[in-house]
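Next up: the structures, one after another.
Two complexes follow with subunit A in common, the first pairing it with subunit B and the second with subunit C.
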Partner chain A sequence: MTRPELVEISTREGARLAAQLADDADRHDRRLLHVQDLSTYFFTPGGAVHAVDEVSFDLDYGETLGLVGESGSGKTVTALSIARLVAEPPGRIVSGEVIFDGIDLLRLSREEMRLVRGRKIGFVFQDPMTSLNPTLTVGRQIGESARTHLGLSRAAAARHAADLLGTVGIPRARDRLGDYPHQFSGGMRQRVMIAIALACQPMLLIADEPTTALDVTIQAQIMELLRSLSREFRTAVILITHDLGLAAGMCQRVSVMYAGRIVESGVVDDIFERPRMPYTAALLDSRARLDIEPGGRLRTIEGLPPDLLDPAAECRFAPRCPHRRGICLEREPDMTPRPSAGDGHTARCWGTEPGGWIP
Partner chain B sequence: MVTQSPTLGGPTALAPRPVISPRRDAFRRLRRNRLALMGGVIVVILLVIAVFGPALAPWHYRVQDLEALRANGNRPLPPLSPGHLLGTDQLGRDLFSRLLDGAQISMSVAIVVQLVVLAIGVPIGAAAGWFGGRLDNYLMRFTDVVYAFPDLLFIILLSVVFQATPIGEAMDGLLLIFIAIGLTAWVTMARLVRGQVLSLKESEFVEAARAIGVSDRKIVTRHLLPNAIGPVIVAVTLGIPSAILAEATLSFIGIGIQSPRASWGSLIDDGSRWIQSEPHLVIFPSLALAIALASYTFLGDGLRDALDPKLRSRQ
Partner chain C sequence: MIDPRMDEAPLVEAEGLKVHFPIVSGILQRRTGSIRAVDGVTFAIARKETLGLVGESGCGKSTLGRALIRLRDATDGHVRFEGRELADLSGRELRRMRRRMQIIFQDPFGSLDPRMTVGAIVAEPIETHRLARGRAKEERVRELLTLVGLDPAFTSRYPHEFSGGQRQRIGVARALAVEPGFIVCDEPISALDISIQGQILNLLMDLRERLGLTYLFISHDLAAVRHISDRVGVMYLGRIVEIGPSSAAYTSPAHPYTRALLSAVPVPDPAVERRRRRVILVGDVPSPADPPQGCRFHTRCWLYERLGRPEDCRSVEPELRSVNGDHAAACHYAERAMHSDLGVVETALEAERP
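== the complex of A and B ==
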């Protein structure tokens, strides 16, 4: 398959990006993405909602990271913050840094950031039924990114779009460029979304619950497509999902989010084998599994996530935690290493710290 | 469309499905609506008359048939007089020909005023909806002020102030009418477009476009406005009758089109003095006006039904 030569951004902003990249490259070696203490609040009449609170994580070039947590835990806002797509107002990134390929994205101007989006960071959204413009043909929507960032002509963009559509597994791609989104099924549309996200061969693909709106058989196909394409394009992926099993099948590492914070992070197998945070353990327990006896009920986690309007100083999971002790309600623990669970494994829990009471 | 080679009859030769664009789909629904179709046909006929009517008219609109007038004792000729299908006015001018000329005026008012409305209303509404915040507030309060000001009073004021100037005299006074009506009628368009933009800018495909780095300008022109086009088309079509009516009203009270040209409104005005003895001078222009207004309204209603996505499942 031929792809058009990728043209570097040739504007003044591009030159600045390059200069900044050279500056920062030495300090943050070998990391595609370094998120440090990222906080995004939503300012509502009732006060500031701490949707993302001092989140830190790293991502290597070509690596796949799962961001797992229940609804409202801040996964999506974290992803939107990285691409600076948080609606402002009411949202605002209040602190932190997002070093992407050596550039602090939070310090870029709006226009510079626009040139990064789509070019270096691709996005796949949850609902393919509403994420495509109903009045434009699929071919034009796929070509749009390449026309915006690579300066392709309309004809070249159409050829590029046909290639991409074939790459994501849509038969008779060339004939379908002129079709409108309503002529595609949900799974096909998600393929189209993936084609759009990959149009400029980004270094990072953020997939926000890419299969939640699809049925299970299509889900498997889409995940397989994401897996093979990220390998082929050498694209790093952040997979946002509430489904630990899905993350396990696709990701090398997983970070678990709860109430705006990352509470546990590590290699997939370690997390599954030896969760070092009761919330992760509870999530694993509440999965629908084949070995549940017929008629048995799914396990759930008692209680509700805390109000993020004014988070208390305690461990945020403490009110729902079966293992909690006095200290959990007094102070919130930090993310600290858990070498016993595996290399680079970290967790935020008093009970599993050295000398803790959770085995 | 490329014709398919008949030699390839194998299972691989799939017939390409016809592409049904959303617009084509709407057109199909419109065609099923008889009333709207009738309105549309009459609108097309009116537009043809507006373009070619004056050239086809048996008489020039200002020519007086003094001979016939004298023969009738200086009274307006009744309908079906020889050479004058709908009779003449008190000056011996052929009413049918003047109606055809009036069609040109009404139709140009219909179209030009809506262009003015689009040119003012769409940018203001789009800017208010897109940027929001303080700009939205300023633009919409300005819109409210224009909305609250009595339309007719504003138009009359404008007409009176500019009547003796080159603007007022341009195109027999038509230019001033275009501007005056357009300046009051854009308000609803601005509100409509603002509402559309407000709801569409939160839509996921706009967020998706943002996520691939499409510039704001292109998001508005390529993603927002095309999706707002349905209600805008409906508003334009339904705005036309009120523009025609506004022009007729102006001409009726004598500050619109300047004599000897006549619009339907001024024909009614002229005829009203003879309404007792020569009712045809009022009846025919009124009929023309009513037919035009009804046709545009039917067409507009039909377009609304065809373009409203909520009605789609009913078909």
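== the complex of A and C ==
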């Protein structure tokens, strides 16, 4: 496996960006990504839907973070907001900071942002068939990004594409460059997507439910691939998933989202061994799992997530929470630290604050 | 023939069941081959038993479920319900028999007519089978909605007013309307959010208890299948490759494919995930139009590789055979597979958590 050579950025905007990056040579004391109070609303005739509401988290260089939650919790919109890919209108990032490798992404021009996205952030989505262009060969699609952003010649881009296809484990890679997406199976298409995402050696890979449409044995292949690629290239990964098991096996840190909020964050062992937010605990218990003897009823979470159209001032999980008390319905708690084995365990829950009533 | 309770006649039986779909091509639409979706399957389901059916997409599990209640015609072989051959039934007899067997679908959005009220959806099978009329029918609809945990006042609402989990409950109420004995549950929780999946699994288990139902529970979620099933069957490329009591199939799987499947299921415990040894299968599932010679799994089998690619795996298709009582597997080297520790996840009794 050869690491493709990076070529200097050729455009003027790119040069400015490269200079900016070079200025910040000492990245040791810095995070790759710092997201602070990010809010994204969708403006509908009925009012503003608070899809992402004051979300904050950090990601280290080379780290894998799991963004876990159910549909509608805001995890995808969070990722799209970081890359400024939210459809506008109806969506709009209304506040917050997204500092990526020292640059505030929310202040970049569209053109500058396009460069950062192309070169520094790669994407893998759930359904490769809708993200791949069915009328272009995969070789062209992989090579295109390398030609645009790395300034490679046509021949060099083709070689680069063949290398990448091999890297992601597609057999006879060179022979398949001329094939179209429909000639690949679901798992192979997802590998092609990963090859495209890695074409410019991004510092961050955002994988949004990358294996939800795939069978478990294929899912295991793709996860193994992501694991080894992130190790080899030191690419940081944000893995967006509803599957707590995937997060447990892939991630160093996990943030749990509920109703537009991050409700718990921490290193993976703390989150799974001693969750400090009843929603996290309930999610872990509401699914049958292979490592727990079956039998009896599953614990369930009654009710539904709240309407995010002007949400109430209470804890958003309170109406469904078996541990709730009066204060939970009056005021929403902040994310506050919890004493745990690992660093930075925080939760949004009155009941598990110091002196709280949840053991 | 593998039958766990020979002393009692099974409710549902399949014997040598095949369902093939023609592949036609060219402007003359000539038949050029066939997709062998279900390709020679034999098993039985006892009364009040739940048989789980697992396998990856395209393995034929949904087609098999549909063939059992004759929503699909068999190409070859037999399906018997209460000892009667389904293929021999006349239209009227089949309609009467249909009351006894129902299906719950995966997609709670696509399987309910958006223009019908919930009351009309649940009442439809009652009318079709002329089970009740007027006041009695309305009363029955309310009773069914209550049974599945919905507010009986919802009868005049439309499907779009409900969440995914509630829609799945409506689907269950509709299936129960004709008082069936046997229900094919075809991926009933796959489209639902995690927090809702548990509610539907609990509901299906409660109903089974209260109404004495028999289920074929089809799912790709191996943990959910173990949770609800007495026995489990594993399908690969149109064949059942392993079948047996859930406890045996999950703790000492006798087919290399079952072990690979189990090892691929993520477990929400980082410590377990770090300790686990995985089998990562290479390649994709071959086409059911042209399954491999010999054992259908040998092209992806880790045990075949480990044993130095024995010739019989390539030339002789293994039959389902008992490895321990009613636990059976279709593998020439099932005993070797059983003595591997790959894939099995240790279980704790219950997670202690506030």
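Please note the rule applied: the second predicted complex is superposed on the first by the 326 of 359 C-alpha atoms of A that agree within 3 Å, B and C clash if a C-alpha of one lies under 4 Å from a C-alpha of the other, contacts with A are read in each partner's own complex, and residues count from 1 in each chain.
Everything that follows uses one rule, which is that a residue touches a chain if its C-beta (ideal position, glycine included) is under 8 Å from a C-beta of that chain, and two chains touch if they have at least 3 such contacts.
These figures come from a predicted structure and were not determined experimentally.
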item	value
Side-by-side fit of subunit B and subunit C on subunit A, or clash	fit
First, second, both or neither for A:188, with subunit B first and subunit C second	second
Angle, in degrees and to the nearest 10, that opens at subunit A between the C-alpha centres of subunit B and subunit C	80
Subunit B versus subunit C as contact partner of A:109, first or second or both or neither	neither
Touching partner for A:179 - first (subunit B), second (subunit C), both, neither	first
Contacts of A:304 with subunit B and subunit C, given as first, second, both or neither	second
Partner chain(s) touched by A:133 [first = subunit B, second = subunit C, both, neither]	first
Which superposed partner A:44 touches (first subunit B, second subunit C, both, neither)	neither
Touching partner for A:228 - first (subunit B), second (subunit C), both, neither	neither
Which partner reaches more residues of subunit A (counting touched residues only), subunit B or subunit C	C
Minimum C-alpha spacing, chains overlaid - subunit B and subunit C, in Å	5
Contact footprint of subunit A on subunit B as seen in their complex	14, 16-17, 19-22, 203-205, 207-215, 218, 222-223, 226-227, 229
Complex interface listing, subunit A residues touching subunit B	83, 85, 114-119, 122-123, 125, 127, 130-136, 144-145, 148-149, 172, 175, 178-180, 182-183, 193, 196-197, 199
Residues of subunit A defined as touching subunit C within the complex	70-71, 185, 187-188, 215-221, 223-224, 242-249, 268-269, 272-273, 275, 281-295, 297-302, 304, 323, 358-359
Subunit C residues within the subunit A interface of the complex	56-57, 163, 193-195, 197-199, 201-202, 205, 220-224, 226-228, 246, 250, 260-273, 278, 280-282, 284-285, 345-351, 353-354
